[in-house]
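Labels run A, B, C and D following the written order; every chain starts at residue 1.
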């Protein structure tokens, strides 16, 4: 059995779908953030896989992943700061209670 | 740049803006406003005299004092200026009304902000009348429009938010059409393949040439766009409804400036852009707008007959009178067009007078319902006499401006109508001329109705008996306007010559006149 | 001729108007009144000098070698140039009728100025409120009327026509606190404005075809060698007719365009001269002060319509159908007004209707005049009647004013038997009545006789009809006379002074006018005024049979009035009960006012204005508002999409992304 | 043909990735979700190693597993009491989430299937990028080199630090 690109892509896709599912269903903001990370990782994997299998001589996919990780880290840090701030103000982190910014 | 005299029409108001911004009390603000508007009057008189001198010296260019400074090179946008008799008449009118308007708003709340916006508005107005570059013209047009929203919305009365919004949105809607039209004109300004231009004079100089004018197919598209665009501001039926509400809510000086000058921007624009640049389409399509404007003449008058709010009555009468302006422009006949410009002048002055008086009466009685007032002649004779004079001017009493303007329009329109009729080209013009003539009767009805109810008869409300007559600044404001109305009415030929020498023969060659 | 005098004739009243109007409030009443009267007196002298120079000076520009009167343009300044040819000029045309009108206007106006010095104050000598304003308006009116009659072109006439309308409006509404005066002034202005619409359109038609506004271009030809001098020439009018007939569309709706133009112009005259059906404003105009009624609504302004037709008379001669219309309108109006005058209670209204009727006489006289009937006698008769009528009607009105001033009421029911209390008024009023009734040798006899002769020349029907009206005139005037001065003894009410004659400023005009009414008939009018300037000796053509018949008719009318009204008796009541319907219709002026009220209020206001205003507010404005409403609604509808719920946004994003993906794939397939 | 070991390794990695990611979004205990996420991240790191991107795998473990998850845990501990369950999902929201996931799966799955031929190519040979290559590429300015994004990311991180401080600061 040859492990080809599809073998990596399918789990990544499932992971991504889990992320979608989680992001839509969960109301807890940290849980949503976790789902978000799942989606990000799924995409990262795709980048790496495509790079490795289709253009093995180059490093674009890898570096994209690298930067994505860095940005994800920054984003998560900031998001968590915001969440904690919200928690201070609203005493919970339910996303439904945060619709003050509509319209 | 500052060697050209015309630029000062924009510079002076800008200086006034700066001056008012630096003022610290209402006294200084008044001083700046009055000095500035006096300077503007002086400037327009100087321009008028120089213009007459140059014309007398045999200057035959369509516009004088022309100059042009590049503003945005890639799109050939210039600040191009130039005036002819019509623009000078309009400049005179504007400066007089700004002057009278500053006196009419002597006691306004928050004077600093008010005057800042008011002067900004007049920057737009003056800029509009001096430029001959379509883009710059449009820019000044917008500059004149926007302060209106704030002036009505902040200093107005009644349903001011609604009215301000309505007025601004409708005029903005009009200027959307207008902008499309202007851009269209720009892109077809030189079908022969030369450099595109926004300059009215350049485009107009080619308008008589079938090869080089704006292509006829495009004229048929662009003419309605520009005419409707300016027509909205000129209160053309059915786009006039901003006018009653807007005027009813606006503070006195704004009503004066708006009805007196801003509505003239519409008529002036219709003439200067729509007809001047696209004479072919003007001839082909005039019948549509002739019907609309003909309707607005009688329609406005009929509506004014049953209104009971003074400002509404006057706003509808403005619809009627401004309809007459556009109506006469569409006759495409020198006499009628001269009449249209005279009507602009005349209506500008007398409607400003009306609104000033209404503002003064409203400031005392706190009502504008004619049913709640009566016998004001006994209480405030000065204001009442002025009101009667304004009314007489409006219904066309000889010796006041309304008569000469209307008669010029009727004579010109009738000539155009008969020429059509006898030439077998249908009797539309003739019929609508006669319908428009009927407006003189209806005008008399509503003017006398108001005068009778408001000024004559017994005093309706005993609280009014203690009211005072006009103060000195109010007297100054009204006297200025009355003098101008009478000047036009008594010496019309001066204005007539000033205006009708400027109708370009080249354009009328296209129209077969 | 020097232009100073004509300019002064126009300028002095205008200056007085401005002076009194602007500074009157600062002046004392007496000063203002005196100034006004002096100003008018100066104008009177100047006008007399001008007229005298014109008629009797014998200068070559006024009268040619054959004795024909010429028209002389004293000055002519461009006022407004519409086109090369269509130019409104302000000028001064001196010809027989304008010279005659100068005399009439200044005389009556001066009398009224003088008279008002007494009239416009109460019994204690306190001046009425707005006395200065009154004199200012009188001056304005005099200016406008003088400008009207000397107009050398039709547009100047229209300008001053409007100005007299406005000054009449101001003077009728002089007592502006009285609602009835306000509505009367409004009515007068609007009705005449409506008529002026016709006038204006008529001017436009006429000037379009002929390319000129000048009267002399319509009717006269230039006299060689003298600038500004013209003579009435029927061939010029024929030339105008030719212009119309050779135009591409000489007919319009079955009548020739020239007829249309002339009838439309006549419509303006109908409005000003209160011809049926535009007469309704004149009786109401009596709300104004009585001197004003005498000046404007009896002697001068209301004859402007007659004057207008006379000005264009050669053109009217070209279109007999237009003259026919004038005759019919005039005849109907004469009878109508005379019938109504028989039943009115308010003495000023009786006089108003009598004015309408007499002006109708003048109109008929113009209508029946032809070149071949006694050389256009009707024209001369009309002008003659205009002249005499102005004098005796002003006399009657001023007399009525004296009565009203003394009694404090307009109704004859409050008067009765005044002949002993007010002898001067009595005598002068009687002279006025005799003059209007047409008793020899008072002036009305002569002018009315000319009119009737002219009618006879045209058609018997017109003659009989007008004679009957003349008889009716004698009847209602003497009815009025007897009811005021006889009928029964006057009862002096408790606390009232006995009525007495007026101060000399009021009596003097009465006496002067009475004298004029006595002698004016002997003026050789035909030598002075005729339609084409050719002198016409009417004494040589005097038709004694017509004169005798009219005298008999007049005496019959007077006799009937004497029988019915000299002493208090039952005859009037019996008569009234015999023909109740007729009496009621006459008393209510044939319900014309009600008809007009119905048309204006129900139809124009109710069925046009209000629906239009509603339409504007709800349909037009509603449409405009609905754009805003639709935008608002749409934004409200999509607003919940921005719920602030992040997960909803994810949904939208997801759906959008998936849809985009799907579409991409479909497109790639 | 792969070695059996690598196949087994792959199976373990793939299975743990699927299982833990499903678990991470379905568990009602938020701390557990974070833990499952950690495992998923490890699995992803393993994938990188299997693809010969060792540096990437190391970064994944260091940054994600070492940094982010710790942040998560801190946040969870700060915002919820131990033993707290998150709310129970309604069937409607679960259904909706399911639909969304399935729709994504279908569309993306279809994309995969339609490009099957390419995706079944065997793994080509590749020299594992050594640290020097990575470093050069990251610091170079030529084509296919990433100094500018690198600097941009560093600015971003700085901004993020400041932002985090500002946002979380006690007022």
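In this text, contacts are C-beta pairs under 8 Å (C-beta built on N, C-alpha and C of every residue); 3 or more make two chains touch, one makes a residue touch a chain.
The structure displayed is predicted, hence computed values, not measured ones.
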Pair joined by more contacting C-beta pairs (A-D or C-D): A-D
Farthest chain (mean CA position) relative to subunit A: C
Separation of subunit A from subunit D, taking each centre as the mean of its C-alpha atoms, in whole Å: 6
Centre distance in Å when subunit C and subunit D are each reduced to the mean of their C-alpha atoms: 102
Centroid distance [mean C-alpha coordinates] between subunit D and subunit B, Å: 69
Intercentroid distance (Cα basis), subunit C paired with subunit A, Å: 96
Where subunit B touches two or more other chains, by residue: none
Contacts with 2+ other chains: residues of subunit C: 651, 654
Numbers and ranges of subunit A residues touching at least 2 other chains: 20, 24, 27
Interchain contacts, given as pairs of chains that touch: A-C, A-D, B-C, C-D
Subunit C - residues contacting subunit D, complex: 651, 654, 658, 661-662, 665
Subunit C-facing residues of subunit D, complex: 96, 100, 103-104, 107, 110-111, 114
Interface residues, subunit C side, partner subunit A - complex: 639, 642-647, 650-651, 654
In the complex with subunit D, residue positions of subunit A that touch it: 1-22, 24-28, 30-31, 33-35, 37-38, 41, 44-45, 48-49, 52-54, 56-60, 62-63, 65-67, 69-78, 80-85, 87, 93-94
Residue ranges of subunit B in contact with subunit C within the complex: 165-166, 169-170, 237-242, 245, 299, 302-303, 305-307, 334-335, 375, 377-378, 392, 395-399, 403-404, 407-408, 410-412, 414-415, 418, 421-424, 434, 437-438, 440-441, 444-445, 448-449, 452, 455-458, 492-493, 496-497
